[in-house]
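Can you read through this structure? Questions will come right after.
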Amino acid sequence: MEFTHFNENGRAKMVDVSEKPDTLREAAAAGRVFMKAETLKLIEQGAVKKGDVLAVAQVAGVMAAKKTGHLIPMCHPLFLTGIDLNFNIDRERFCIEVEAVVRTLGKTGVEMEALTAVSAACLTIYDMCKSVDREMVISDIRLMKKSGGKSGEFVRVESK
Amino acid sequence: MEFTHFNENGRAKMVDVSEKPDTLREAAAAGRVFMKAETLKLIEQGAVKKGDVLAVAQVAGVMAAKKTGHLIPMCHPLFLTGIDLNFNIDRERFCIEVEAVVRTLGKTGVEMEALTAVSAACLTIYDMCKSVDREMVISDIRLMKKSGGKSGEFVRVESK
Amino acid sequence: MEFTHFNENGRAKMVDVSEKPDTLREAAAAGRVFMKAETLKLIEQGAVKKGDVLAVAQVAGVMAAKKTGHLIPMCHPLFLTGIDLNFNIDRERFCIEVEAVVRTLGKTGVEMEALTAVSAACLTIYDMCKSVDREMVISDIRLMKKSGGKSGEFVRVESK
Amino acid sequence: MEFTHFNENGRAKMVDVSEKPDTLREAAAAGRVFMKAETLKLIEQGAVKKGDVLAVAQVAGVMAAKKTGHLIPMCHPLFLTGIDLNFNIDRERFCIEVEAVVRTLGKTGVEMEALTAVSAACLTIYDMCKSVDREMVISDIRLMKKSGGKSGEFVRVESK
Amino acid sequence: MEFTHFNENGRAKMVDVSEKPDTLREAAAAGRVFMKAETLKLIEQGAVKKGDVLAVAQVAGVMAAKKTGHLIPMCHPLFLTGIDLNFNIDRERFCIEVEAVVRTLGKTGVEMEALTAVSAACLTIYDMCKSVDREMVISDIRLMKKSGGKSGEFVRVESK
Amino acid sequence: MEFTHFNENGRAKMVDVSEKPDTLREAAAAGRVFMKAETLKLIEQGAVKKGDVLAVAQVAGVMAAKKTGHLIPMCHPLFLTGIDLNFNIDRERFCIEVEAVVRTLGKTGVEMEALTAVSAACLTIYDMCKSVDREMVISDIRLMKKSGGKSGEFVRVESK
C-alpha cells in the first residue's frame, strides 16, 4: 500500500491521469455543524422569514466546489457538470447536516469537490452565526458515496 | 440575540466595520482527521523520509487562510500578518490533529481564517491519502482561542 | 484634462497612491435588469417562497466586490470594510433595480467596487433567469454617490 | 415556465449537464459605455498614440470571460476555446460599443462568458476614464447571438 | 511570419481552437536559480532535515501551473492531467535547476503551463531564501520539450 | 544565518510581521526575454502599429503583482499602492528588458511583487510570440533596488 501523490524523489506531484478514460463520476459527501439549541432555532427562523443563513451557505458550497483545484494542491482542475447541496436540521443532536453531491464526466473522481463543498458550507454557517455562538463545532466531514471510474462504487456503511 | 450579517431586507451583507479601530488580533483553531492505523503509519513514515503528506497540507493551510475572503461570502478581506500550522500525530485515537494560528492588525477577528486554514489542511491530508483510505473523517474543527477586538479574549474550555 | 492611468511611455499603470492619507470612503452604484413581465413575476414569487434569485445575486455581488482588483486591471486591491446590496422590483418599467454600497478606510475610492458588485448581481440575475428569458438587458450601471478623499463628494443628479 | 437553477428545497444548484453531448457553442454579447464628447475624444486619441484605454479593456474582457464560473455562482466552469472582443466608437451617440464573441466545445452555452467579458471591458473603460468623467453610464448589455446546443440558434432582433 | 494572438483590429484575442482535435500533449520546461554557495548549502541541509525550501517550491509550482490561464492573458484555460517538478542541485554552478513536466489531453499545448510552473517554483525559492541572499538571479527559463498537436515534437538542442 | 520561513518543526510558515511598523516600501526588479532578431523586429513593429505584444505584457505584469500572495505560498497578502512596468528593446543583445516598480505602505517589502510582475510580463511575451519563436529564453530576473523597512536600502551593483 502506497501513496500515489509522490514522485521518485518523494516530492508531491499531481498524478498523471492522461490515459484514463472519461467516465461519468459522482460523489456525495456530508458533514455536520453542532451548535447551541438557540442558535439552531435562529437559523430555522431565518430560513422561513428574514435572514436565511443556509441560502448563503448553499452558494458558498457551490462556488467552493469549483475552486477545489486551487485549494487542494495536488487535486486536478475539473469541469464539473453538476453541484447540489442539501441541509437537514437535526433538532435532537442540535446540528445542521450538510450534504453535497457533485458530478462530472472526466478522468478523476470528484470526492474532493464534494468534501470541499461541504467544508465551505459548514464554515459559512459558522461565519454567519459566530456573533451568537462561537463554540460551534464542524464534524463528521466524510465521503458518503462515490461512483464511476476504475475503483468502482463506494458506499459508506454507518452504524447509526 | 440576533445575527449581524443581514440587512433590513433580510439579505446577507458584509457587516460595516469602518469605524472599528485597528487592533492586534489572533485566533487559533484546531481539527482532527481520523483514519486507519495503517494510514497513520504511512504518514508518519513519509514525514521522516520520502513523501511528506504534512508538508503539502501545511502549504495548503497557509494559502487557504489567505483566500478566506474569497471562500466565505460575508467574510472581510484581510491583510494577514502571520499564519502558522502545526500537526500532532495522535497514535491512540488514530488521528492527526491540526492547529492553525493566524494574526492580523485590523478591524475584524481572524477566526474564519484560522478555521479555513485547518479545513484546507485536513482536506489536503484526505486528498493525499485517499488512495489508501477513503473512510477518513474530518472532525472537531473548532475555535480554540481568540484575542483582540471589542469582544475580548475567548479560550475554549474542553473537558478531557 | 488627461488620463491618470498611463505612464510616460503611454502604457497602463496602477497609479501610485502611497502618499495619500487613509480616509473613510463610500460609494453607491446602481443598475437595472430589464425583462419580460412574466420573468419579473417569477422572480417575485421565488423571493417569497421557493427559489430566491435575488438571494443568489446578493451573494454574487458581495463576493465580486472583493474581487474587483483582480477583474479591473489597474484597480488597487483594497481592504473593504462594508458591502451591501439592495434590490427593488419596478413593476412599471419591468425591471429589477440593483443598488450597492461599499465602504473602506483607505487611500482610493471604492466606486469600481460598487460598480462591480452591481454588474455581478445583474449578471447573476440574468444567469438564473436565462432559461425563461434570454432577452433581458442590463442597463444604467452608474455611480450614484461617492464620498471621502480629495475629490470630495459626488451625488449624481438624475431627472428621473 | 420555471427556473431550472433551484433544487427541490428551493435552493440554488448548479444544474446537472452530465448527460448533454459536447457541441460547438458560440455566443456574442454587446454593451455600451455612454460618456461625454470630450471623454470619447480622449479615448480616440489615446488609441492612436499614447495611452490606449481599449487595449486594457480588451485584456480585461478576455481574462474576465475565463473567470465567469468564479463570478456567477451557478455557472458551470468551462474550457473556452476562443474569446475575442471588438470596440466601435459611436460619435453620434457618444458611446463605445463593446462586442464579445466566445466559443467552446462543451455541454453548456457560453452566453454568460460573453456577457461577463462585455461587462468587465465596460467597467475597465469606466475605471481608466473616471478621473475625467465620473458620470459615464454602462448600458445595453445583452445577448446578441447564440448557437449550438439543444435550444438552437438565437439571434436578437433589434429595431434601429 | 505573423503573430496569431491579434484580431483584425490589432487587438489581442484568445485564439480560436474549437476545431482542433484533442490530442495527448506534454511539455517540459526548465530554469535555474543562481545563488551564493552558502545559500545553496542551507537549502541542501534543509532538504535533508528541518526546513525544506524545495517542498514548498514544489507545491507552488504545481498550483501555479493550474492558474496559468488566469496569469497569462491570452492563454486557454485547460484541464491538466498531470504536473510534476524536479529539482537538481548544481554545486558547480551554484544553482538549483528546476524542471517541470505538464500533460494534458486537449486542443492546445501546455508549454505555458510548464514555464509558469518553473517560474513560480523559482520565485518561491527566492522568497524562502531572500532573508539570507537578496542577490539570487532566476535565469534560463525555457522550453525543453513539447509533443502532441499539429506542430509536432520539439526538443531543445543545447550545447551545454 | 538562517531561514526565517520555518517554524520549530521545520515546516513552512508565513512569518509574523504584526509588530513591524508601516513604512513606505518600494522595490524594483528586472528581467530579460532573449529571442531571435526577427521576433524582436515583429514586436517592435507591432508596438507602433497593429498587435502590441507589450501592451498585453504590461497588463499581465500589473495583474500578477496583485496576485503574488496567492502564487508564492509564504508571501504576505499586501495592499499595493502603485505598480508600473517598463520595457526596453535591446537590439544588440536581441532581448526585451522588463522592469517593474512596486510600492506599498506596509509591514513587509514588495520585492516578491516586483519579481512576480516581471516574471508574468516575460511569460506573456513568450506566450504572445511562441507561434513564431519557441526558443526564447527568460533570464536575469533579479531584484534591482529596494527601500523602506528595517533592512534598509539595497541597490544591486552590476558590472556592465
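Each chain carries a letter (A, B, C, D, E and F) given by its place in the written order, and its residues are counted from 1.
By our rule, a contact is a pair of C-beta atoms (placed from the backbone, for glycine too) under 8 Å apart; a residue touches a chain by one contact, two chains touch by 3 or more.
Computed from a predicted structure; not experimentally measured.
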**Report entry** Co-neighbours of subunit F and subunit C - touch as defined
**Finding:** B, D
Query raised in the report: What chains, if any, are shared contacts of subunit E and subunit F?
Result: B, D
Query raised in the report: Taking shared residue numbers divided by all residue numbers at the interface, is the value for subunit B and subunit C over half (same) or under half (different)?
Result: different
Query raised in the report: By CA centroid distance, what chain is farthest from subunit A?
Result: F
Requested in this report: Determine how many degrees of rotation, between 0 and 180 and to the nearest 5, align the Cα atoms of subunit A with the equivalent atoms in subunit E.
Outcome: 120
**Report entry** Chain whose average C-alpha position is farthest from subunit B's own
**Finding:** D
Report summary line: Set D-E beside A-B; more C-beta pairs touch across A-B
Query raised in the report: Using CA atom averages as chain centres, what separation in Å is found between subunit D and subunit F?
Result: 30
Query raised in the report: Taking each chain's centre as the mean of its CA atoms, how far is subunit C from subunit E in angstrom?
Result: 37
Report summary line: Touching two or more other chains in subunit E are residues 9, 12, 52, 55-56, 59-60, 63, 67, 70, 73-74, 78-79
Query raised in the report: All pairs of touching chains?
Result: A-B, A-C, A-D, A-E, B-C, B-E, B-F, C-D, C-F, D-E, D-F, E-F
Query raised in the report: Hey, which residues of subunit D end up touching subunit C in the complex?
Result: 1-6, 9-10, 12, 31, 38, 42, 46, 49-53, 55-56, 59-60, 63-64, 67, 70-75, 111-112, 115-116, 119-120, 122-124, 126-132, 134-143, 146, 154, 156
Query raised in the report: What residues of subunit F sit close enough to touch subunit B in their complex?
Result: 7, 9, 11-18, 69-70, 73-74, 76-79, 106-107
Report summary line: Listed in rising order, subunit D residues that touch subunit F in their complex are 52, 55-56, 59-60, 63
Query raised in the report: Where on subunit D is subunit E touching in the complex?
Result: 24, 54-55, 58-59, 62-63, 65-67, 78-87, 103-105
